[in-house]
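Heads up, there are several structures right after this.
One chain, chain A, appears in both complexes that follow, with chain B as partner in the first and chain C in the second.
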Partner chain A sequence: MSVAWVDACAADDVDEEDVLRFDHGGRTFAIYRNEDDEYFATDGLCTHEKVHLADGLVLGDIIECPKHNGRFNYKTGVAKGAPACVNLKTYPVKVEGGRVLLQI
Partner chain B sequence: MPVEITKRDYSLVGLDTAAAIASGLSAAQWYACPIPRKNLKELMKRSDGPAIRDTAIWLSALVTSGVLGYLTWGTWWAVPCFIVYGVLYGSASDSRWHECGHGTPFKTRWMNDAVYHIASFMLLHEPTVWRWSHTRHHTDTIIVGRDPEIAAPRPPDIPGILLDIFTLKRGAKAFRNIIIHAVGRLTAEEETFIPEMERWKVFLVARIYVAIYAAVIAACFLTRSILPAMYIGLPSFYGGFFTLFFGLTQHAGLSEDVLDHRLNSRTVMMNPIFRFIYWNMNYHVEHHMFPMVPYHALPKLHAAIKADCPPPYPSCWAAYREIIPTLLRQVKDPTYYVVRTLPSSAKAVPYNHETRFVTAS
Partner chain C sequence: MSANTIIIIGAGEAGSAAAIGLREGGWTGSLILANAERHRPYERPPLSKAVLTGEGEQSPSALIAHGHRFEELGVELLSNVIVQSIDRNRRAVTMADGKEIAYDRLLVAVGAIPRRLNVEGGEHALVLRTFDDSIALRAHLSAGKRLTVIGAGFIGLELAASARSLGVDVTVLEAAPRVLMRGVPAAIAELIATRHRSAGVDIRVGTSLERIEKRASDFLVHVAGGEPVRADAVVAGVGAAPNVGLAQQAGLELDNGIAVNERLATSDPDIFAAGDCCSFPHVLYGGRRVRLEAWRNAQHQGEAVARSMLGAGEAFAKVPWFWTDQYDLHFQMAGLALGASSVVTRQIADDAMLMFHLADDGRLLAASGIGPIGRVAKEVRIGEMLIERGARIAPSSLASPDVRLKSLLAA
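Our next item is the complex of A and B:
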């Protein structure tokens, strides 16, 4: 199976300790940048009720859904408690030449 | 041929449930006032300070009024002491339960959870049931057949509302449900919004509640006094009137089945004491539109989006001058409701943008 790296955004498009929405191929993703300048990516919709996580709040390693406070560890995708009960899918990320690339 | 108006089905397992889903009203996209991400992030920012301060004041006042009530028991001085105790226990707990359920007042997670469980108990709310019920309320706010927290269905139950001045209708339902849960069952409606994996928590907490209330009743018999119940149990009833008073201002009499909180929710300006008891939930349009903004930042959020919202009600008096006549009229004419007028500067309303109404049949 071929591995596709997709150019998602400029590294600076994502603020520190924040999240950005990225739509590609009819799917939506969330790209995170933490305080240590590391980048991560997950599916863009909360597994609870399909709300865009990019409108949520990043707190340390956690992304909180803006609608119901569903919480996930965005590094691992693990759901951290009700109402989020199903883990998020995560995707490999790399930064090259100032661009954020997602393997999807 | 005249169309006969049929009574709507507010249950979560009835005709209007299917109609709401078929119409695209369930789990739909809602209107949100435009606000720059940077500003919203700043407003959503968590801190422990304001909630620790307010919780310390709340609990200190609760303990002080309780001690004074004990010292003055048997005299008329006990009446104001227990009114204060009751309001702090049976009414202030409503907003504490609610806000901590959203996980926003405190930055520290366990503080949210601790206050959530204490306030839930005071309010006769079972924490897991209400967490999921309120989740649905935010997903499908005042969508008939989907929202389990519609306080004033049409036609409104006026005797029931009056009984709830002292939490009698809500309290009876709460105790009935606690018993149902304590024996390991859920109601048919609860099964629609509480996932399987969470149900053991419902049954466990219901049994703990039963044990606490049994202990209070035993203490009353042992001391041959209702004094123990004046501290635990009864204040949910004799002190719950502000829960109703504030709660009705939120949505009663406004539109159903719209995907725009500006049209089905009220923001009411209140005095600082009411805002302390109610933890700023008087900014209810703002809270529903951006539920992750903590209570202490809601006045700032209000300022940021007010140009795109209908004017707030200037006082509780102004709100109730609308609510009471509306509810009374809805008893005779359930199709009547208050239409909120958006400011002329507001952007086009995309509410119900993808809905194709299907009638219940």
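Our next item is the complex of A and C:
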């Protein structure tokens, strides 16, 4: 089954070492840009309580939930400790023509 | 003879986190988590918010903390049990049903107890601490009902906001000259009070409660020098006292709660305490003894005390942190403003501001922010890291929105 690439935002919309919220088809995602200008995407809500991760702080490979400090590696989705213990789903990302595309 | 058993009394945030931490830290003996409530361990923060407004479910199942971790880790969760006493000489606890259980190490994580109103009729006021309290309160919160909240602290204001959003007529009576007197900067407290007033909450500060009169179908709340307030329900949010009954009976040292050292050990080296029930010397604040009533502190102390009980020697040095949500306002504060000699404000948007409290040597003591969560959470988190490092930051850098706070971490 082929999955469509969805145009999410301009590459410049995401600051370096930061995160942006992207809503699509009734779902919410988080798009990350690291210091090496690589882009990543995960589900947008913390698996602990439904809080938008895009409101949280990006530090290196880690996104921290803004409310309860649940931490995830946004490249792999792996939860890094309490209170979040369920991993985040990740999605393939590519940048083409200055646009960020997500395979969701 | 060793009982090869650790007992944790209290299955709130601290006790639950400690149970998990002990197993993850390598404890293979028996591990008993004595839960005074009939519900499985759950998270308390939603009790004043989503549980009241109906966004959450009316069952604690939605709030269950840690899923099935206890079963997976072999933690023996005993629910609906009360520990009656601690016998330190024999190293055993006695349960309410007379059963005795021996321990090698004991953790007391029994939280705090809501203060009752010390006035005539004070017993008519509801309180909010447990899931059952929240459900009992919720039954009174329908549109057009009148609720009087005594106390404009976090709990009182959170439930005022929740009640208001359900269409309840809310009056808040506060004895102090402003809301959130304890720990929240005046400028931020004023923004929160203004938001409540614009939502239609009648906040009366500097108002002393005299008595609560129960009538046939409602209450009259009498205040000094003013007209009584009519209410269908009254709720008290006047703080909580550390639950020290067991510790006191066991002869443990007390000081605004169960006194523990920086490793969270009590005056008995086999007994530890964590969370709302204990006071500890905070190394980041000159060893000043503090007692914190906050979800994150309970979680962090639970994790830390587990390491301590397994023999680690680290001092508990987490930066205190708490938050509140009221309407669309999100407030976070990292650190303690105690002993601050100056305050710097950074306006980061029309609807968002940060405040920084500094010691006289320039060290950052506290960072707080109010506004939409997306604006303030990242910045307060950076402030927390700066506090943890004992950073001294030029006030001009803190005040200017042109200086990225994150850039200060690199310094």
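The rule we apply is simple: the second predicted complex is superposed on the first by the 104 of 104 C-alpha atoms of A that agree within 3 Å, B and C clash if a C-alpha of one lies under 4 Å from a C-alpha of the other, contacts with A are read in each partner's own complex, and residues count from 1 in each chain.
FYI, a residue touches a chain if its C-beta (ideal position, glycine included) is under 8 Å from a C-beta of that chain, and two chains touch if they have at least 3 such contacts.
All of these numbers come straight from a predicted model, not from anything done at the bench.
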item	value
When chain B and chain C are modelled together on chain A, clash or fit	clash
Which of chain B and chain C A:Gly56 touches, first, second, both or neither	both
Common ground on chain A, meaning residues reached by chain C in one complex and by chain B in the other	49, 56-57, 64, 66-69, 82-83, 85
Of all residues in chain C, those that touch chain A in their complex	17, 20, 43, 46, 65-67, 69, 295-296, 299, 303, 321, 323, 373-374, 377-378, 381-382, 406
Chain A partner contacts - residues on chain B that touch it in the complex	27, 41, 44, 46, 102-104, 107, 128, 131-132, 135, 138-139, 195, 197-198, 290-292
Contact footprint of chain C on chain A as seen in their complex	17, 49, 51-52, 54-57, 64, 66-69, 82-83, 85
Touching residues on chain A, where the partner in the complex is chain B	18, 48-50, 56-57, 59, 64, 66-69, 71, 82-83, 85
